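Input: structures, listed below.
Okay, so subunit A shows up in both of these, paired with subunit B first and subunit C after.
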Partner chain A sequence: MNLTVVNVTENGVMVVAIEGRVDSSNAQKFERVLKAVADAGTNGIVLDLESLLYISSAALRVLLGLTKAQARKGGTLTVCAVPDSLRRILEVSGFDQIIPVHDSQAEALAACSR
Partner chain B sequence: MVVKPPYKILVVDDEPDLEPLMLQRMRRNIRRGQYTFVFARNGIEALDRLHDEDDIDMVVSDINMPEMDGLTLLQQIPKVDPNIRSIIVSAYGDMENIRTAMNRGAFDFVTKPIDFRDLRLTIDRTLQHLMEWREALASRDQLVALQNELSVASKMQQSILPTHFPASPHYQVFANMEPARSVGGDFFDIVMLENERIGMTVADVSDKGVPAALFMMSTRTLIKGAAIGSAGPGDVLREVNNLLYEDNETEMFVTVLYAEYNPVSGEFVYASGGHDPPLLVKPDGSSSTLDLTGGIALGLLPDLDYRQNSVILEPGDTIVLYTDGVSEAMTRDEEQFGLERLRAAVAADTGDDAEAANEAVFDAVSEFVGDNPASDDITCLTFRRTERG
Partner chain C sequence: MSLTRVLTIETRLEELTRLAEAVEHLGEEDNWSPGLVGKVNLVLEELAINTINHGHDGGLHEISFSFSTTDDALTIEMVDDGKPFDPLTDAPVPDVNAPMEERPIGGLGVFLVRKLMDELTYRREEGRNHLTLVAYRAE
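Entry: the complex of A and B
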């Protein structure tokens, strides 16, 4: 698993690309890194999942916690560029109804600025 | 402290006839040195006994009693000893009181009139849990490694799975769960309902370890409670979701597929809380995935509605409920087992034997993954309407 901040927009939205697999073996690290990103005081976080190979339920829990934390401070969390196999996981588990899913970074950033 | 049998059970009921009846019906278990019983007639008397006798392991209590009722008693028990487990006895379909009892920490419940076989199974399951729980406490006290906690959690997980499957001329049902070495969160359950209906659950909790095992146990019990006297699977999931959400501060969640079958009408009704939809296999081997009902995994958000869907099963039709441990079982080259192989495995065995069909799935998965250790629990439940059914 690798997390990279690929873009920070003028209005403080941070785009983070996630690569590899996030499962129970590295979910805690995933949580620590994302929390650090959120604490850096961004207005919104966009997770680009294009190169994400697998996400386990432990990792979905982390995303849920982050969504709630963002909502408390008036920020947002969205995901974009979700590969088909992962999109199915988000749909079946119902997470696509909790975390906004966008096709591309551009679309996600447009939604953040609305 | 790991206690050995006989386990001391305090039975609380204002009905004087229950005492001789209980001693009579449980005489074998008493003679074998498995249980000993003490009795109280109301909540006040029960608390007195708990104070006086510190070796009582569990409480079986009625709800309606003079002086202090069972629901009030439940609130008081942890103040005496937080490690005592309670079973509540309630009227059939009295969901209101069962809910309250569960919220107040009851471990399980049985309905009136008491079916003593069911009570015995429930007592054994509760005692099993109690032993695992004490073991967990002991190991936590000694600060032993996480691996140890996982083994305790996995024993707790095994202890809630049904080992007997109902026999019916109308259908056959069989299920199994193969735990992964480290991760574990799957369970299945079967509940007998009014009018010969049968309820079936397959579920996957989002985490591992003792907290997840406890979350799993409350999910199982809440589903059982909600299923009795509910208006159907959608209703059951709505109710359980709200109950799980209420005291869930850990972001833990569970995906559930809950279904009910009515052997009179042949109707199979199901609802999903973030879980894969059922698979339908016809006697000629053709198969389809039933429509997803679109519900969110339970425990995440309050006040959600869960849609249910239904199909009429023809004689010989098979329904397969499974967790992602089956569909996502992987070879060393990271190729997934997938739905097509699952369909093929079930379709290859369309005889009248649900157990054989279910085992065929496990065999197919095991053959497919080869020597790659499972990274997730594998659970599969096979339900078949018999040719005569």
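Entry: the complex of A and C
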């Protein structure tokens, strides 16, 4: 798993690209890194999932926790570029009802600035 | 194309990597769609974690996975000697339509297993859990 901050916009939205696998073995690390991003005071977080190979329910739990934490402080969390292999998992878990899903980074950023 | 493979892991969390590698290797060998690989990976990880964390009162045990595939579907039989656990009846159903504030963190694993697999049958036989999972190749 590799997390990289690929973009920070003028209005403080941070785009984080996630590569590789997030499973039970590294979900805690995933949580720590994302929490650090959220604690950096950013209003919006966009997770670019284009290169994410695999996500387990441990990772979904982290995303749900982060969404709640963002909502509490008036921020947002969105995801974009969800690979076909993960789309169905987000759908059946109901996560696509909770976390806004966009096709591309540009769309996600446009939605954040609205 | 059809193939049959068996993988046995020990009830230690470190073994999950080997399970995931085996699934990915099989998927490549047998030409699974990325969606099928993602689903099977998630489902087997969830089930294996349940057995590893809750199946026994200590000691090292084994979980075996038998994979067989046809042109239409993939069938996996998971066998362990843990406490009786039927994922079809022994786990609560989370409300995935609940608003975010009401969604508990957790309780999703077995639900995803039920939703992502096309067929699921459970039987307890000679002190072992036998769970048969079927996933169709067509999405």
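Brief remarks on what is shown
Just so we're on the same page, the second predicted complex is superposed on the first by the 114 of 114 C-alpha atoms of A that agree within 3 Å, B and C clash if a C-alpha of one lies under 4 Å from a C-alpha of the other, contacts with A are read in each partner's own complex, and residues count from 1 in each chain.
In the analysis below, a residue touches a chain if its C-beta (ideal position, glycine included) is under 8 Å from a C-beta of that chain, and two chains touch if they have at least 3 such contacts.
Small disclaimer: the values here were computed from a predicted structure and weren't measured.
Look at A:G74: by the touch rule set out above, it reaches neither subunit B nor subunit C. By the document's definition of touching, of the two partners only subunit C reaches A:L86; subunit B does not.
After overlaying the two complexes on the shared chain, residue contacts for A:I55 are found with subunit C alone; subunit B is out of touch. Looking at the shared chain after the overlay, A:I98 reaches both subunit B and subunit C. Which of subunit B and subunit C touches more residues of subunit A: that partner is C. Applying the stated touch rule to the two superposed structures, the overlap between the subunit B and subunit C interfaces on subunit A comprises residues 23-24, 56-57, 60-61, 64-65, 68, 92-94, 97-98.
Taken in their complex, subunit C has these residues touching subunit A: 13, 16-17, 20, 33-35, 37-39, 41-42, 45-46, 49, 96-101, 103, 105-106, 108-109, 111-112, 115-116, 139. Across the complex, subunit B is touched by residues 23-24, 56-58, 60-61, 64-65, 68, 91-95, 97-98 of subunit A. Residue ranges of subunit B in contact with subunit A, taken from their complex: 182-183, 185, 204, 206-208, 251-253, 255, 272-276, 292, 294-297, 300-301, 375-376.
Interface residues of subunit A, counted against subunit C in their complex, comprise 21, 23-25, 54-57, 60-61, 64-65, 67-68, 71, 83-89, 92-94, 97-98.
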